[in-house]
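Below you'll find a set of structures to go through.
The following pair of complexes shares a single chain, chain A, combined with chain B in the former and chain C in the latter.
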Partner chain A sequence: MITLRIEVPYASFRKSYARAFAETYPLPTPATVYGMLLSLVGERFRARHQGVRLAFAFSGKYEDDRPRQSPFPKIAMTVRKLSRYKYGVPAKQSKLGNTLDYIETLCDLEFLCWVDSQSETNNPPNLETRITTALTQPESVTRYGVLSLGLSDDAVNDVRLVAGVNYGCWHWLRPHPAGSLELPIWVDHVGSAGTRWQRYDLETEPSQFPLEPSEQHWTLIMPPN
Partner chain B sequence: MTTHYLYATILTGEAVAANNRGDNIGNTTTLQKVFHQDDLHTSVSAEAIRFAFRYRFQLQGIPVNRSYDGEKLHYQDEKRAGWNPSHPNSVLIDDDLMGFMDAAAAQAEQEAEADQADSELSGAATEATPPKAPRKAKARGVTTKRTSPLAVGRAVSLRPYRGEISFNCVSGVKEKGRLSLYAAEMHTTEYQYSIGLNLNDVVNKKHIADLIDALVDPPPVAGNHSRFAYDFSPQSIVLRVTSAHSSRIQNCFEHDENSRAYTVRGLIRRVRSHDITASELIVGGELAETPEGEVLKSLGVLTFPGVAAAANEARARIANLDPMFAVVANGRSS
Partner chain C sequence: MGKRPTNYQLPNPLTYNLKNPNYTIYHRAALGGLAATIQAWQDKPGLAPQGIRAQVCEDAVEISWDSSLALQEVIQRLLKASFLLTENKLIDLPGQGIPPDRNDLRLAIHTGLCGTFLQHNKMRPGEKAPRALSVRDEGDENASIFTYKAVNAYAHQTAQGTGLLDAKLNGELPQTASIPQSIVPGAMSGATGLEGPPEDVLLLLYLMVGSAVFLLRPQTYRDKAQYCLVVPDVTNLKRFAVNLREIAAYGTNLMRFTNTYLGRVVGGAEEAALRFLIDLQAGDLTEEFERCVSGCLAIAMGKVAWDKNQVNRSQVVRVKGNYPEIGVFRAAAQHFSRARIVTSKEGASFAVPQSPLPELVAANLAAERHWCAHFIDLCKEQQDFTNLKFQKGGLAAMNKAIKDADDQTIVNVFHEAWRLTMGALGERARKDGLDFSRLIEVERERVRNAILRAKTADALASWFLRFCADATRGASLSAMRHDTNRIREFIFNRRNFERFQNLCLFALVSYSAEEAKNHTQGEPEA
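Now for the complex of A and B:
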């Protein structure tokens, strides 16, 4: 198991059922974070590390140690040009091009992500090993584009390995069948039959130290059969 | 093969900005706003900055796919039928740096692309997860999507927005019954924004030098700035040439409420703690001559009083990374 600390200034995770108004999930989704980790290690095949388990905790403080009003990142609403092809009127795309619409953006994301490769089903090297290599010997990894979370312009400012989290203020994202948040853990981009969701709660009270995920905190990343 | 990146964070000078973008509440044209920590900051979108870079290339006379005539956009090759990365000199700079996607065509190619991804697996992984469907031939000669090697972050005001607003009357002929009074939000501030460029992904490496030129000398960026003449060029620039997969310099300027100026305390902390290798950083412009610039210099960061000199240093460092980048050493003008 490894622990990553990830910092992204601005990001947007469009809700699966959002139409023209691009609402965002209130937190980065496990499916998106898994995709970012694959991108970090230069992997293009999504199922390569199926079976990996991820756990998340979100910061209750800003970088300068000031407390946040809520562990949920603040949401800003701006305007941007969006393709009509998928979320507008497809027939108008070729004639009229993209159109302006509102988009929600999460601000100041900072979270911990634990990666556990014990139950990966494919052959080594596993995701843990590849992430460790990408961060400690970055020159040995070939990858494309700039590392981003969600939209390609929303670059990741920092992703680092941390050992033993004994500082800060962290709120667990806990999978729970009756949780108030529903986040995708696997996204089917062609249609949505294969998309899988899971319900979560973001704990309102910060966790005690030392911070280590227990069985209840893990999310299994597995494509549908 | 090692992946090399150029990262940069740019801080403009302070001026009155009014990038209103046509959005309004009643008869008040509003600014776009985002949060930074608990404060509201105004913002200029990444798309506006991308547009400005592309327009600059056009004004320079560099062949571009999408050009702007002041009213409309024109494409030389909207479907990118002529995109051929095996001939770098034929690649248009905006397609090369900013990527493209034809969503309709991409939808038709999803399966072909998935099969291509399968074939890129290592042997071991392929054995473990064999593709379920029989392979289909990749549609030859048609490329509808290119991931942008360039990421441009939104520009965020250095100072929080405290509600500056102007009260105006539309010029020209007044029509009876139509309101001619309006208010416009504006903001006296500096803006900062960050970019990242995957140097390996750029097909024609000469385009890297063109982008660096554009960073140092951008044209007006969007909206009412064309009337307000807000200068988007860097007063200070922080560059990082590295193989690290995250920049750690994004939006590294912070407003300092006490001095009413800016601070780079966070950047200094990261250099001091070796989270950023000092020798990978280049600082140019006003920051270099501040006490914090001196601290960065003492930590091993190369600093220049001018942004152009910093850009030249970045070009030289990129050219020395690998023979394939040698062409980056000189700007287009040389």
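Now for the complex of A and C:
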């Protein structure tokens, strides 16, 4: 198991049923974080590391140690130009070009992500090993583009390995069958029949140190059958 | 679109479980709508589909059918019993339990559905000329005429656009079905439309039943929003089914906010959501932990500047089931719940909200702001401020409902100072033979300007202390004496500046002579 600390200044995680008005999930989704980790290690095949388990904790303080109003990142709403091909009337894209739409954006994201490759089903090297290599010997990894979380303009500010979390103020994201958050754990980008969600709760009280995920905090990344 | 693979086997019995991890809030609301529809079939067995049995428990719905029926036939029968039309060609959803003679409420829902789920003409073919319907509000002698578009049929009756009832499939179901905009408003297709398993798409058809639609007439912002869709996050199907049908039912002694045409006309999406939640939970007030919903999603829809063809989603707000100052909203909604009707020269009627206050408070609560935030916006223009003075009953009720001790203290101190100021003015009017009302009017305007012009926390705090000192002619106010430390900490904290300013303005317009009688006697009301 490895622990990553990830900082992203802004990002948008469009909800699965949102077309007009790009509303965002209130937190980075496990499916998107998994995609970002694949990009980090230069993997293009999405199911390559199926069976990996992820756990998350979100920061309750800003970088300068001021407490956040809530562990949920603040949401900004802006108007941007978006492709009609993807979310509007595709036939109008060539004639009219991109169209405006409201888009929600999460601001100032900072979270910890634990990666556990014990139950990965494919051959080694596993995701844990590849991430460690990518961060300690970046010259040995072949990848392309700026590392982003979600949309390609939502660049990641920092990904680093941390050992033993004994600082800060962190709130666990806990899978719960009746949780108030529904986040996709696998996204079907062609249609949505294969998209899979899971319900979560973000704990309101920060956790005690040392921070280590228990069995109840893990999310299994597995494509639908 | 390519040919769909067929021969999908729907399990018999088909069980929908509320705790299915793959369900979104839309699925859970739709499941609530399905549960309410099944409840309606049980109440009126004549409505129930032939050859199909259904039952509801707290967290699941089970539907089973005669194995001799083809799957498409099962779906057709379910839809035929769930999505009806009245003789007036208004949409009739048995799951919502609207009595036959409640055409006013049905009209509001019909108009809302035609502007959201069924906004495209092809989804609801009907008559070209609008029909008129007379609506009479409770206690109103004159009926108002509202127009609507009568429909001959609508998409949900035939699962239009989903592919579920495609004639080419010969009674079988496709492997995946489409989710068009008529099922989830705003879900435009793009290059690859939304899809889901047939049973999930069948379930989503009932989103229309489980959600509430409102007509939006915003006064404070978002002028273009026209409709609001409230999608509840259902946690208990059985209770939700009963409570949803209770909203429109007769014989309940509880006050309802959304059971009339005018009750469905609101200023903002957050107001719509809170009204619906309060109505849904009206019977559950004593059972705090057994509520049927945990919150809801309020989706405002309207025209945007870059798309004149359709009604787009323009705001999505998550609203919780409860807030510490929900009482303030409830008081505002109770006093300003009935929209007023404006009649045009041609005789057509339009409903507009009575006051912007419920909209403001609801928006603040949903955004986790102080309940009184942005009250200053309602006081900046003299005309708006004058209008507020005519809403004293509601404002006084809101004042009584405040729970926060700091807010209560500031308002009480202000009221006491204002009462003494009025007493002094009354004395002067009697002595000099002046018009008391005019004196009060001038003084109130002077105070309003002083509060509005204070640009810093220090300036506002020193004005407030001077105002209190002037009122008592140097002595201290009794309310101030009791809570000296609390007041000092509050007014000299710069972070409280906007809240303090809003509270002062609220106190200025919410002063009620009725309350003041408890403290003093013989002073005329301003």
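Operating definition for what follows: the second predicted complex is superposed on the first by the 225 of 225 C-alpha atoms of A that agree within 3 Å, B and C clash if a C-alpha of one lies under 4 Å from a C-alpha of the other, contacts with A are read in each partner's own complex, and residues count from 1 in each chain.
Definition applied: a contact is a pair of C-beta atoms (placed from the backbone, for glycine too) under 8 Å apart; a residue touches a chain by one contact, two chains touch by 3 or more.
These numbers come from a predicted model, not from an experiment.
Asker: Who does A:S16 touch here: chain B (first), chain C (second), both, or neither?
Answerer: second
Asker: Once the structures are superposed on A, label A:E212 by its partner contacts, choosing first (chain B), second (chain C), both or neither.
Answerer: A:E212 sits against neither chain B nor chain C.
Asker: What is the contact status of A:A155 with respect to chain B (first) and chain C (second): first, second, both, or neither?
Answerer: first
Asker: Does the superposition put A:E139 against chain B (first), chain C (second), both, or neither?
Answerer: First partner only, chain B.
Asker: One more residue to check, A:P90. First (chain B), second (chain C), both or neither?
Answerer: In the superposition, A:P90 contacts both chain B and chain C.
Asker: With both complexes superposed on chain A, which partner does A:R196 reach: first (chain B), second (chain C), both or neither?
Answerer: Only chain C is touched by A:R196; chain B is not.
Asker: Which chain, chain B or chain C, ends up touching more residues of chain A in the combined arrangement?
Answerer: Counting residues of chain A touched by each partner, the higher count goes to B.
Asker: Taking the stated contact definition, name every residue in chain A that is touched by chain B in one complex and by chain C in the other, in rising order.
Answerer: Touching chain B and chain C on chain A: residues 69, 85-86, 90, 100, 189-190.
Asker: Under the definition above, what is the set of chain B residues touching chain A in their complex?
Answerer: Going through chain B, the ones touching chain A are 1-3, 5, 21-23, 32-38, 43, 45-47, 73, 99, 103-104, 107, 110-111, 117-118, 120-121, 124-125, 127-129, 147-154, 156, 194, 196-198, 200-201, 242-251, 266, 275.
Asker: For the complex, which residues does chain A have touching chain B?
Answerer: 9-10, 40, 42, 44-48, 50, 62-64, 66, 68-69, 74, 76, 78-81, 83, 85-86, 90, 93-94, 97, 100, 105, 107-108, 121-124, 134-135, 138-148, 152-160, 189-190
Asker: Which of the residues in chain A come into contact with chain C in the complex?
Answerer: Listed in rising order, the residues of chain A that touch chain C are 16-21, 23, 26, 69-70, 84-90, 99-102, 104, 177-178, 180, 182, 189-193, 196-199.
Asker: Mind listing the chain C positions that touch chain A in their complex?
Answerer: 19, 21-26, 176, 179, 181, 184, 186-197, 233, 235, 294-295, 304-307, 312-316, 318, 368
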